[in-house]
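You will see two complexes here that share chain A, one where it goes with chain B and one where it goes with chain C.
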Partner chain A sequence: MWSALTLTIVGLIALPILTIAVKLYNGPGESWKHLVDTVLSDYISNSLLLIIGTTILTLLFGVSSAWVVSRYDFRFRKQLEWLLILPLAIPSYIIAYAYAGMFDYGGTIEKVTFGVFPKFDVMNITGLIWVLSISLYPYVYVAARTFFLNQSGRLFEASKVLGVGELKALKKLIIPLARPAIIGGLVLVLMEVLNDYGAAKYYGVSTFTTGIFRAWFSLEEPETAIYLSALLVAVIFILLGLERWQRNKIGYAINSKTQVPLIRLIPGRKNKIIIYLIVGIPVFFGFLIPLIQLIYWALLTYETVLNDGFLSTAIQSFLIAVLAAIFTVIFALALIYFTKWNRLRLLDYITKIGTLGYAIPGAVIAIGVLIPTLGFDKWLISYVSEHFQTKIGFFINGTILVLVYAYTVRFMAVAHNPIEAVCLKVNKSMSESSKILGQSALKTFFKIELPLIKTGVFGGLVLVFVDVMKELPLTLILKPYQVQTLAVKAYEYASDEQIMEAALPSLLIIATGVLPVILLNKLINR
Partner chain B sequence: MKKIIYSLVIITLLFSCKKEKQESKEIIEVTKKEEVVTVYTHRHYPADKQLFAQFEKETGIKVNVVNAKADELIQKMTTEGEHSPADVLITVDAGRLVRAKNKNLLQSVNSEILNTTIPSHLRDIDNQWFSLTKRARVVVYAKDRVKPESLSSYDELTASEWNKKILIRSSSNIYNQSLLASIIANEGEEKATVWAKGMVANMARTPKGNDRDQVKAVVAGEGDIAVVNTYYIGKLVNSKNPEEVKAGEGVGVFFPNQEATGTHINVSGAGVAKYAPNKENAVKFIEFLISEASQKVFAEANYEYPVNTKVAPSALLQSWGTFKEDTLSLQQLGKNNKKAVIIFDIVGWK
Partner chain C sequence: MLTVKNVSKSFDKGKSYALNNISFTLEKGKSYSLVGESGSGKTTLIRLLCGLETPDEGVISLQEQIVTSDTIFITPEKRKIGLVFQDYALFPHLSVYENVVYGISTTSSKKNRVTEVLNLVGLNGFEKRYPHELSGGQQQRVALARALAPAPEVLILDEPFSNLDTSLKAQLRNEIFEIIKETNTTVIFVTHDTNDALAVSDEILVLHNGVLVQKESTEMIYRKPKNKYIASLFGKVYTFDDVTKSEFGINDPMEFCVRQEHLQLNSKTHYLTGAKILQRKFMGTYYAIRLQVGKQKIVVAHPTDIKENNCKLGFDKSVVFSFNKE
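Then we have the complex of A and B:
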């Protein structure tokens, strides 16, 4: 029975992605050669530059700030801990718009410095790398900090006993051991970078994803677009494979029976400045700058934007995001544990496919979801009309069900990665003993494993929640008529070049993100 | 094991509850026979919402709105096929309406009102789609540096005097694609390629940002002229941000090609979906949108040129003067769109 259930769940998650893969079989459209001859090299070089740039910057911001808040005690540390996560609550393209507005002609910077600091061009690839890094580093930060807090206490104790200095222990022991967690965060960053469309388009940088949309809609060749996404997915597969191959050479489980909390050091005066710089820079540039710009815009426009529909839009967004987060996490747990319980090699691979949704543009996922669900609906319609002589409309399409299903497929990786990272650290012997003592797999899971991986589960919940709040292309295509979300609202304005009017819904997206982020922070600390 | 069975039972129950609820809803809908029209639209302006509400009030027909980019809506309609709930498709450019027609997503409509109100070049030859509003793609110039007499046609923008002076956005933008498509239709592919190449050579910077950003850059002196849509100048001049107002007022509007084929225009338009479940309501809906009252709302609130010739454009648009528009059949824009994109790629227009 387990195998059947596993297959169903894994199949459900992988279905849209497999649908897209099948479409690949038809080959690219007729303009493929034209693309290869003219613009493909541009897409590749720009996307590679983006990958390299954002990898360096997000690791720098994410790991250093995570280390500082885990190891040292200083004023405002508690507030900074969650402030560091907040840039994640702002859609990247909104941060991109805010930066452009800040540094534009007659922009905020020019105004507050009375023209001493004139326009500074952020709209190029360097600016794009900066904007994406500053908005996405929290993925690395969250993953690294969870590890540092849970694990490094014992490790430091051990290294001290062996007479190894702080820096050396960090370099030789902690960072290498934190690698799976950090890479898990980095993979999310890179997937999101490769998926970015709004920011790259506005900044005039041709990337794979802008190319996908161009091929799909301007050249009218969905086949070519899907081909391009497949190339993108292949790149990510290779990156993941390389990392896994390296990781497999070293065992990572740590016996965590005796968790020793990391004792925080009080920094000296000189170190204090460095520490405040390390945590201050990401918060300032990733959160405060965009926030100030958005507030300024919101003040200019709130009269036209704010109306009675606004509150209900906010509530709807919130509820949908909560629902999607819960579903995604349940499915992620199912994927991880069902594959564990079934020793089928094949399942392992299909699970990997299931987590690829994050790398595929939301609009493409929407197609992958539409084809099978519409297939089901059409079958149902013909079945009903044959047997009951009545006409019905679409049964699951245009309902929340399909929307939440699509979110689950799209954001599987966001829940899967942090949970898996925590699972890797859980010592197998405990659950094995439980099984030897005759407990069922499910009971073992609820009684022993779930409490141990709690932080990962909640981390996944919050990250998916925040992501769904921001999600756009998929929501536009699949949402029911009556449903309106804040992200859609913001997009309506932004796509009509009414960037300022988009500020208020964006601010609300951020506001709804704050509470869960603080909650997540509490959990990591515990 | 028991737990699993219990939870499975609960889940099934939950789902079946949901089903029943929906089914009963559908039954109610059938018995009530509520009149509806489902609109797939790329437009999402307050003016539109106001008009939809007005339509509901006047006719009692409920307007269901699906708001997304036209490309995605077309994709959605294609996938939904004959079961698609869409009655009307509205886009903000002619190219995509032609695309929808070519994909067999629209149907011919025979409406006396539509045929007599809308000039023939602004509707489909088979009456599958109809323009609702117009926007002109014009040249704006820095009032303090450029004399409007030095401007004449789109073609003339490639002359050496504008070297490093032109601002224009990316070729991914449909309005640029339509502009080039119209040049392909009017003058042929070869000349269009030469024009696109000349434009790239004269650009003040690599294309980035939106139409508003091009105007701001002209006023700031990064270039002298920009090619933009009239609609966005209206938006800038009426912006809540004083900096944007300054930008909008710092440029003059010039209508190119007056001696030749006329200024390139693009339209926002609507068509009735091929499998529209409520075809009658759909036609009523489009007729309503081009009525004098509705066209006034479009003109005043949205800085667009009305297609109904009985309605005058807004005061701001009138202040730019009247102009001769290119009467090239808009179908040509859709037909030549792909060619345009390929030319853009070849000449390196980002």
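Then we have the complex of A and C:
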């Protein structure tokens, strides 16, 4: 029974991806050739430039700041340590709006400098690289810092007693050993870069994701959108493959049990300035500047924005995120435990498919969800009308069911990974002991395992909740007409040249994002 | 009451066997020790008995009812086998009372049963405490009480004393086995410490490389081990082929061994041989005398010091084991 249930869940999660794969056989749409001749090279070159640019900048910001806070002790270090993670709480498209508004004609920069610093065009690919890097570098920062704090102490000591200096140890020992962790963080950055729609669309940079939207909405050619999606997924799988390859290539493991904490040095005066610059730049440009800009705009516009409609949008956003978080966590728990309870070892591998959604861009998942659910709805309408002589509307599409389903597919890994990590820490003898004492698998789960993994479950709930609150491309495609979310509202304001009005919904999204970032930081420090 | 027949288990599709064709029967109310080195198959055997693993072949029956075979598999929760884990596996979020009551299925007398077993292990008054508020010994007793509470037919103790100090271990071991004896439960005590096995069990089962090499009473297994490996599990043994060949003749397939504690110095014994004293060490109640006898170095416990450089090493005929050479 557990095997059948596991397969059902994996099947539901894999359905959108399978749909894309199957639909590829139907061939591309009419405008595919035109697309190949004209804009496809732009999509490819822009996406490549974005990948290269964000790789360089996120590595620069992420690794240098992680090293500095791990190795040196200085005033406000602890505060800066978690401030460095906070840009993660601001969706890239919101940082993009803030920068665009700041550097525009009559923007904040022009006002503050009394016109000395005139308009500066950030709405191009260089601006987009900057915006994406400054908002996504925390993925690299978190990965590198975790390694530096937990794994490098003993290695550094060993290197010191061999008479090797700080810089050489860093170059020869620490950075090469931290490379797998850093690349792990970088891959997350690049997946987010390729997933981005809001910032690229606003800055007028054509990428795969904006191309998918164009094919779907402007050209009204699902086949072409599917072809672009497949290309994008192929790029992502190549990235993931490279990451897996570099990790598997390593033939050693660092013994974490014998590690000691890295002892922090007190920097000299000259070094202090460099250190404050290293940690200050990302915090200032990635969090403080956009936040101050948004607060300023919100103060200017709150009287017009803050109305019943806004409140209703906030409540809808919140409820959809709660619902999606609950569903995703239940599915993740089911996947973890059903796999544990079934006797078919082969299923262990199949369940990995269940967590693939996070690697697939939201726009692609949206299309993959839309096609089969529309098919199901149409079948249901004709079945009911034929057998019950009653007319019904769409059952999945046109309701929030389609959104919740798509969010579950997209964010399954976000819930699955922290829960699984906690599950692995619960000693196997706990559940075996309960079974030997006569309790069934389900009772063992509710009475013994669930109370022991509740922190992981809570973590999963919060992380999915925040991701759903921020999500834009998938929501834009799938959201029913009458449903509105804060992310979509902010996007609509920005697209309608009402950038200031976008500030309030953006600030609300940021507020919900700050909490788990603090939680995440606490978990690292444990 | 517990029968294991031709049970085998491999974890690598038959390339090697964790358990190879094991068969034995255990009687009700008796204590058994399962001994063997790490990797001998002890853990695999108890996991099969509990139903936490399935064998590749063989049949396991409890109280004349088959619980594991090719076609039948009774899940762990439905077998009446209790297990005290090496790490106790107490549920950290449940109190002592909640831990102990957890496995009791009757609805009426749960509270009485908890009181009864907590009385038995001497932990009355600890009901509201949580595992982390107890000492190692107390946690051990709670684990025992919890396993005894559902009144299992067979109770398995998986290396339960390995996490305890040596000073606490002997006392707790004796107390726990006294408690279990009172319940008339069949016990399988898994250990790699043969002194523990000798101290508490009626019979000992020796596993070696996945094979059950001997199952005998404690005295028989000590006095009549089937091979040199089993003999050496219960203390140091030395081979004396040269000394004994006059009696037994030169017989290549056989080797003759004597336990360290049966060796005597400068005494009147059946067999005697010359030895050179290499070292003397005062050990409190005895002297450890290190000797060179032929090619081997031997240590003998002697009540007094020996001043000379040479001595006579001897032993009686009755203490000599003869084994087929492996």
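Here is the rule we go by: the second predicted complex is superposed on the first by the 338 of 526 C-alpha atoms of A that agree within 3 Å, B and C clash if a C-alpha of one lies under 4 Å from a C-alpha of the other, contacts with A are read in each partner's own complex, and residues count from 1 in each chain.
One rule holds in what follows: a residue touches a chain if its C-beta (ideal position, glycine included) is under 8 Å from a C-beta of that chain, and two chains touch if they have at least 3 such contacts.
What you are looking at is a predicted structure, and each value in this text was computed from that prediction instead of being measured.
When both complexes are overlaid on chain A, the residue A:430 reaches chain C alone and has no touch with chain B.
After overlaying the two complexes on the shared chain, residue contacts for A:381 are found with chain B alone; chain C is out of touch. Residue contacts after overlaying the shared chain place A:448 against chain C, while chain B stays out of touching range. Touch criterion met: A:206 reaches chain B, while chain C stays clear of it. Contact with neither chain B nor chain C is seen for A:352 once the two complexes are overlaid on the shared chain.
By the touch criterion defined above, A:440 lies against chain B and chain C together after alignment on the C-alpha atoms of chain A. Taking chain B and chain C in turn and counting the residues of chain A each one touches, the greater count comes from B. Of the two partner chains, chain B is the only one touched by A:222; chain C is not.
Taken together, the two complexes place residues 440 of chain A in contact with chain B and also with chain C. By the touch criterion given at the top, residues 427, 429-430, 432-440, 447-448, 451-452 of chain A touch chain C in their complex. For chain A in complex with chain B, the residues that touch the partner chain are 31, 34-35, 38-39, 100, 104-107, 119, 123-124, 201-204, 206, 210, 213-214, 216-220, 222, 297, 300-301, 304, 363, 366-367, 370-371, 374, 377-378, 381, 392-395, 397-399, 401, 440, 442-443, 473, 476-477, 481, 488, 492, 495-498, 500. Within the complex formed with chain A, the residues of chain C that make contact are 50, 52, 75-79, 81-83, 85-87, 89, 91-93, 102-103, 105, 146-147, 150.
Chain contact summary for the complex, chain B toward chain A: residues 1, 3-4, 18, 22, 26, 38, 44-46, 64-69, 71-72, 75-76, 79-81, 83, 85, 99, 170, 172, 174, 177, 206-213, 216-217, 219-220, 232, 235, 239-241, 243, 246-247, 337-338, 341-342, 345-346, 350.
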